[in-house]
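What follows is a pair of complexes built around chain A, which joins chain B in one and chain C in the other.
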Partner chain A sequence: MTVSKPVTAKTISKDEFFYGHKACAGCGGSLAVRIALKVLGKNTVAVLPAGCMSAVGFNFPQLCFSNNAIISTFAGTASMLTGVEAGLRAQGITDFNAVGFAGDGGTADIGLQALSGAIDRNDDIIYICYDNEAYMNTGIQKSSLTPFGARTTTTPAGQNIHGNIRPKKNMFEIVAAHGIPYAATASIGYINDFMQKVQKASEIRGTKYIHVIAPCPTGWGIDTSETVEIAKEVVDTGLWYLAEYENGEFKLNHRPKEFASVEHYLTRQSRFRHLTDEDIEIIKTSRDKKWEYINKNFG
Partner chain B sequence: MKPYLRDFVPQNLEDIPEATAYEAGYLVTKNAGWRNVRPVIDNTKCVGCLQCYLYCPDGVIFQDDNKVDVDYNFCKGCGICQKICKVGAIRMEAEK
Partner chain C sequence: MSKHFLSGNDAFAYGIRLARPKVISAYPITPQTIVVERLSEMVEDKSLDSQFIHVESEHSAMSCAMGASSVGARTFTATSSQGLLYMAECLTYASGGRFPIVMMNANRSTALPWNIYGDQRDSLSLLDSGWIQAYAENAQEALDLALLSYYVAEHKEVQTPFMANLDGFVLTHTYEVVDVPTQEQADEFLPPYETDNKMDLQNPRNLAFSAGPATNTAFKYKEHNGLLNAKKIISEAETRFNEIFGRQYTGLIEKYKSDDADYIIITLGSISGLVKQTVDELREQGEKVGLVRIRYMRPFPNEEISQAVQNAKAAAVLEKDISFGNEGTVYTNVNSALKKFGVEVPVSNYIGGLGGRNISEVEIKTIFSSLKTNPSGVNFLGIGVNDSE
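Let's look at the complex of A and B:
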C-alpha cells in the first residue's frame, strides 16, 4: 500500500463533481458526497440508491454529477458496486474507484444484505453511508440508525412515548464484524478527518466502508447554517465518535478532552425538544456505557 | 471542471434518450431563486484559509487568486460559510 500525503483544503481537487443539485440549503449529505468525490477524482463511478442524493442529483435534464453516476435499486447499492467493479476490471480498466453513497435507511435497513454480501466477497469497492438518522427523502421516517428519543413522523412524540424508543443500530461494528479490510466512522463536522479516511479507503484493496454523520436541517430541526456546527458537536458530546477498523483492530481517532453538553446538543434540535430530564439521563448513561466499551476495546 | 449550465434544454420526445443515460454534468436550471440571503465576502479580511470553500454543501465557493468568490447562480444562502469563517470575512445580506 502506498501512503500518500494527507489531502487538505489546499491540495484537494478543484474540480466539482456534484454541482447544481437540488438538495435543501445546508444539506449535510450533499457535503459528504461532494467532498468524497473531490478526493476520489474523475475516474470514479458513483452508485446512488433511492434516497436524497439520487433524488437531488438526477432530475433529467438537470444531471448534477460530472463523473459517471448511476441510480441503483434501494437495496442494491453494494451489489451494483460489485457489478461496476467487475465490469470495469473485465475491460482491463484498473485506474478507477467504485463508490456508493447510501443513506442510513439504504444501508442499515434496506441495503444491509447486499452490503454484507459484498464484504463477504471482499469486492474492491468503497461504500459510504451518509447518516442523517432517518428516511429524510420521503419525509422523516425512522430508520434503524435513528437515535433514541428522536421524533420522526413514524415515531411521534406524545405524552406516553417520547419519540423513538430504540437505540441507534451499531452499523460500524456490524460491518467490522465481517472482518472487512477497512471501516471507519466520520462526521462532516470534522471534514479533514473524513477526507483522509476517503483517501485511505481509495488506497486499500478490498471492501471499504465509511459511516459519515451528515445532519439534515429539515429533519433535525436546525437552521441551515448549523449543519456543520452540529455535526462537530455530536462528536464533542461523545454521542458519536471518530474511529477506524483495520487489520482486525479498532482505533479511536479523536478523544474529546471532556464531553460537551448533551443538553445543549439535544435541545437545539426540534426533533429532541420534547425530551424530559429522565430521557436525557438515559441518553447520557448509554453514552457513558459506550465509552467504557470504547476505552476497553479501541486502541 | 464542474457541471455547467447548457443552452439546449431537452424538451421533446426525440430529445430524450431511449436508455436511461445522458451526458454527465448537464445543468439547465439555476438554484439562485432559493436564496433569501446571500453571502458577501470581504476580500480585505479574507486570509485564504479555504474553510468556506471546503465546507460549502453546494461547492459554490471557488478559489480566485488566493482569495475566494461565490457562484451566485447556485448558492442557496444556507449560511454555513459565514459560520465557518474564523476571521469574519463573510456576512449575509438580505436578497432584495
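Let's look at the complex of A and C:
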C-alpha cells in the first residue's frame, strides 16, 4: 500500500470526468460524483445504477462521462462492479479503479444484498453511496435512509403522522460489521475530508465503502445555493458524523466543539417544517444517544 | 478427442472449460448445481484459468456477468427455474446491452406448487427476453452447444446472449458416453473473444445508457436483427464445427424421418430421443411417422418448420409448457409459422412432462394415433383432457 500526499481542493486535478450532465442546480450528488472521479482519475470504470446520476448523465447521444461508465440495474451496482473488476483483472489489467455511485435507495434498500455479497467476497471495488435521504429521481419517496420526521411524497406530514416515523438505517455500521477493509462516512460539506477518503480508498485493496451526505435542494426544500452549507451544518449539529472504519476499528474524524442548533438545521428545510417541539426533542435525544455510543466505541 | 461417461451437466462443464471463459459467476440451484461444482473444481485444479465469483443471488450472477462482459471478458453462468425468473430483469438488460454471455439453464418447473423436476416453463416464459434459446437433446449436444454458443453469441453480426437449455434431471443428471474434444481443437474453433462493445481504458466508453422515444426503436431493431442474423451464423458455426470435430448439426431444427411422414410430432429437448425410438418402432410397423425437433426457439425456425411439415396429413406439438389461459407457447409459435407460410396442415397441442411427469412411449404412440382421427385442441397428457371438448 502506497500512501499519497492527501489531495486538497488546491491540488485536485483540473480534469473533468462528469461534466455536461443535466443535474438540477445545487445537486449534492453530482458534486460527490464529480469530485470523486477527479480524485480517482482517468483509469476509472464507474458503475451507476438507475437513479439521479444515471438519469442525468447517460442520455444517448449525450453521454457525459469522459471515463468509462455504465448504468447497472437498480439492484446491481455492486454485482456489476464485481464483474467489471474481475473481467479486467482476468485480462491482466490491474491499473484501474472500479467505483460505484449509488443513491440511498439503491444502496440501503434494493442494492443492499448485492453490496453485502461484494463485501463478503472482499472484491476490490470502491462503493460510494451518495445519500440524499430519499428516492429523489422518482419524486422524493421515502427510502430506509430518510431520517425521522422528514416529509416525503410517501411519508406525508399530516395531522396523524408527522412524516417518516423511522430513523435512518445505519449503513456505515452495517457495512463495517462485514469486516470490510475500509469504510467511511463523509459529507460534501467537508469536501477535503471526502476527497481524502476517496483517495485513501483507492489505495486500499479489497472492498471500500464511503457514505457521503449529498443534499438535494428539491427534496429537502432548500435554496440551490444552500447545498454545501447545509451539508456542513448536518455534521455541525451532530446529526451526521465523519468517521472511518479500518483494521476492525472505528475512528471519529471530526468532533464539533459544541453542536450547532438542530432547530435551525431542521426549520430551514421545508421537509421538516411541520415538526412539533416534541418531534424535534426526539431527534435531539436520538442524536445524543448516538454520540454516547460514538464516544464509547469510536477512537 | 477422448470418450468420457458424463452427465449432461458434466458434459456442459467440460464444454465450458474448453471455451475458456474469463469470468464465471454462479449461484446454486437444483438441478443446475453440478455444472458449477465441476467448474469450481476445474478452477481449483487449475485446468481452467477463470475467475469464479460466488455471487449471492442469480440477479447478481447475471449482473456480474454483464459487468465482466462490458469490459470484454468471456463470461459464463448457469441457472434454473426460480433462479432464471429471479434474474429476469438482467436478461433483457444483457440482450439490450449486446453482451454475448452464455448461460446454461437446467429446465425445471416453476413454483407454485414447488417442484424441482424438469419442464420447460422457465425458459419458454422468457422467450421475449432477447436471448438466443437452444435446447439440447443429449449430453453430447450439451457439450457441443457450450462451444457453439460462444461462436454464435460473440459473432459481430449477432452480439446476443445465448441460453443453452438442458432438461432438468432427464438430461442434466443422466450419464452418457460423450466425445470430449481436445483443447487444441476447441481453440481452433473458438478464438479468444474480441469486441468493440466494451469499456476500454485506452478508449473510454459510456455503455448501457438511456435512449428516449426518438432513438429507442432503432436500438431495438438492431437487437432484433442480431437475433435474426444468428440463424446464418448458427449454420456457419455448425459447418466449421463439423470440419474440426466431425459432428454435423442441423441448424434450427432436426428432421427425423419426417420428409415422407404423414404424421409428425414437433417437440424440443430430451424427449426427442424417445420420440425417435417410437418413430423407429412405428416405421417398422409400416406407419409413416416422423419427428421435427426444434433446436432453437429463438431465432425461431418459421420457414424450416413450415417446410418440414407442409406435406404431412397432421402434426402435433408436444411440449413441457403451458401458457395459462391459452395453449403451449411452442404451439403458438408453430401455428404462427405455418400461417405465415400458408401451410394448412392441422396441428394439435400436447402438454406433457409438467413438473417432471414422465412421458411414456405409449403416450407418444397415442399422440401419433390421435393425429389420424382428431388432430385438434390443447391436450394434457396424464389428465385425459382436451380443452376443445
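One rule holds in what follows: the second predicted complex is superposed on the first by the 299 of 299 C-alpha atoms of A that agree within 3 Å, B and C clash if a C-alpha of one lies under 4 Å from a C-alpha of the other, contacts with A are read in each partner's own complex, and residues count from 1 in each chain.
Rule of thumb we're sticking to: a contact is a pair of C-beta atoms (placed from the backbone, for glycine too) under 8 Å apart; a residue touches a chain by one contact, two chains touch by 3 or more.
Here the structure is a predicted model, which is why all the values come from computation and not from measurement.
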item	value
First (chain B), second (chain C), both or neither touched by A:E16	first
Chain B versus chain C as contact partner of A:I282, first or second or both or neither	neither
Touched partner set for A:R34, first chain B, second chain C, both or neither	first
Chain B versus chain C as contact partner of A:A55, first or second or both or neither	second
Touching partner for A:G26 - first (chain B), second (chain C), both, neither	first
First, second, both or neither for A:N68, with chain B first and chain C second	both
Chain B versus chain C as contact partner of A:V228, first or second or both or neither	first
A:A260 touches, of chain B and chain C: first, second, both or neither?	neither
Shared chain A contacts, counted only where both chain B and chain C touch the same residue	42, 60-61, 63-69
Residue numbers on chain A that touch chain C, as the complex places them	42-43, 45, 47, 54-55, 57-61, 63-73, 75-76, 78-91, 93, 95-96, 113-114, 116-117, 120-121
Residues of chain A touching chain B in the complex	9-10, 12, 14-28, 30-31, 34-35, 42, 60-69, 188, 191, 217, 223-229
Sites on chain B touched by chain A in the complex	1-3, 5, 9-10, 16, 22-31, 34-35, 49-51, 53-59, 62-63, 74, 76-80, 82-84
Parts of chain C lying in touch with chain A, wherever the complex brings them together	22-23, 25, 50-51, 53-57, 59-61, 63-73, 75, 89-90, 93, 199-201, 204-212, 215
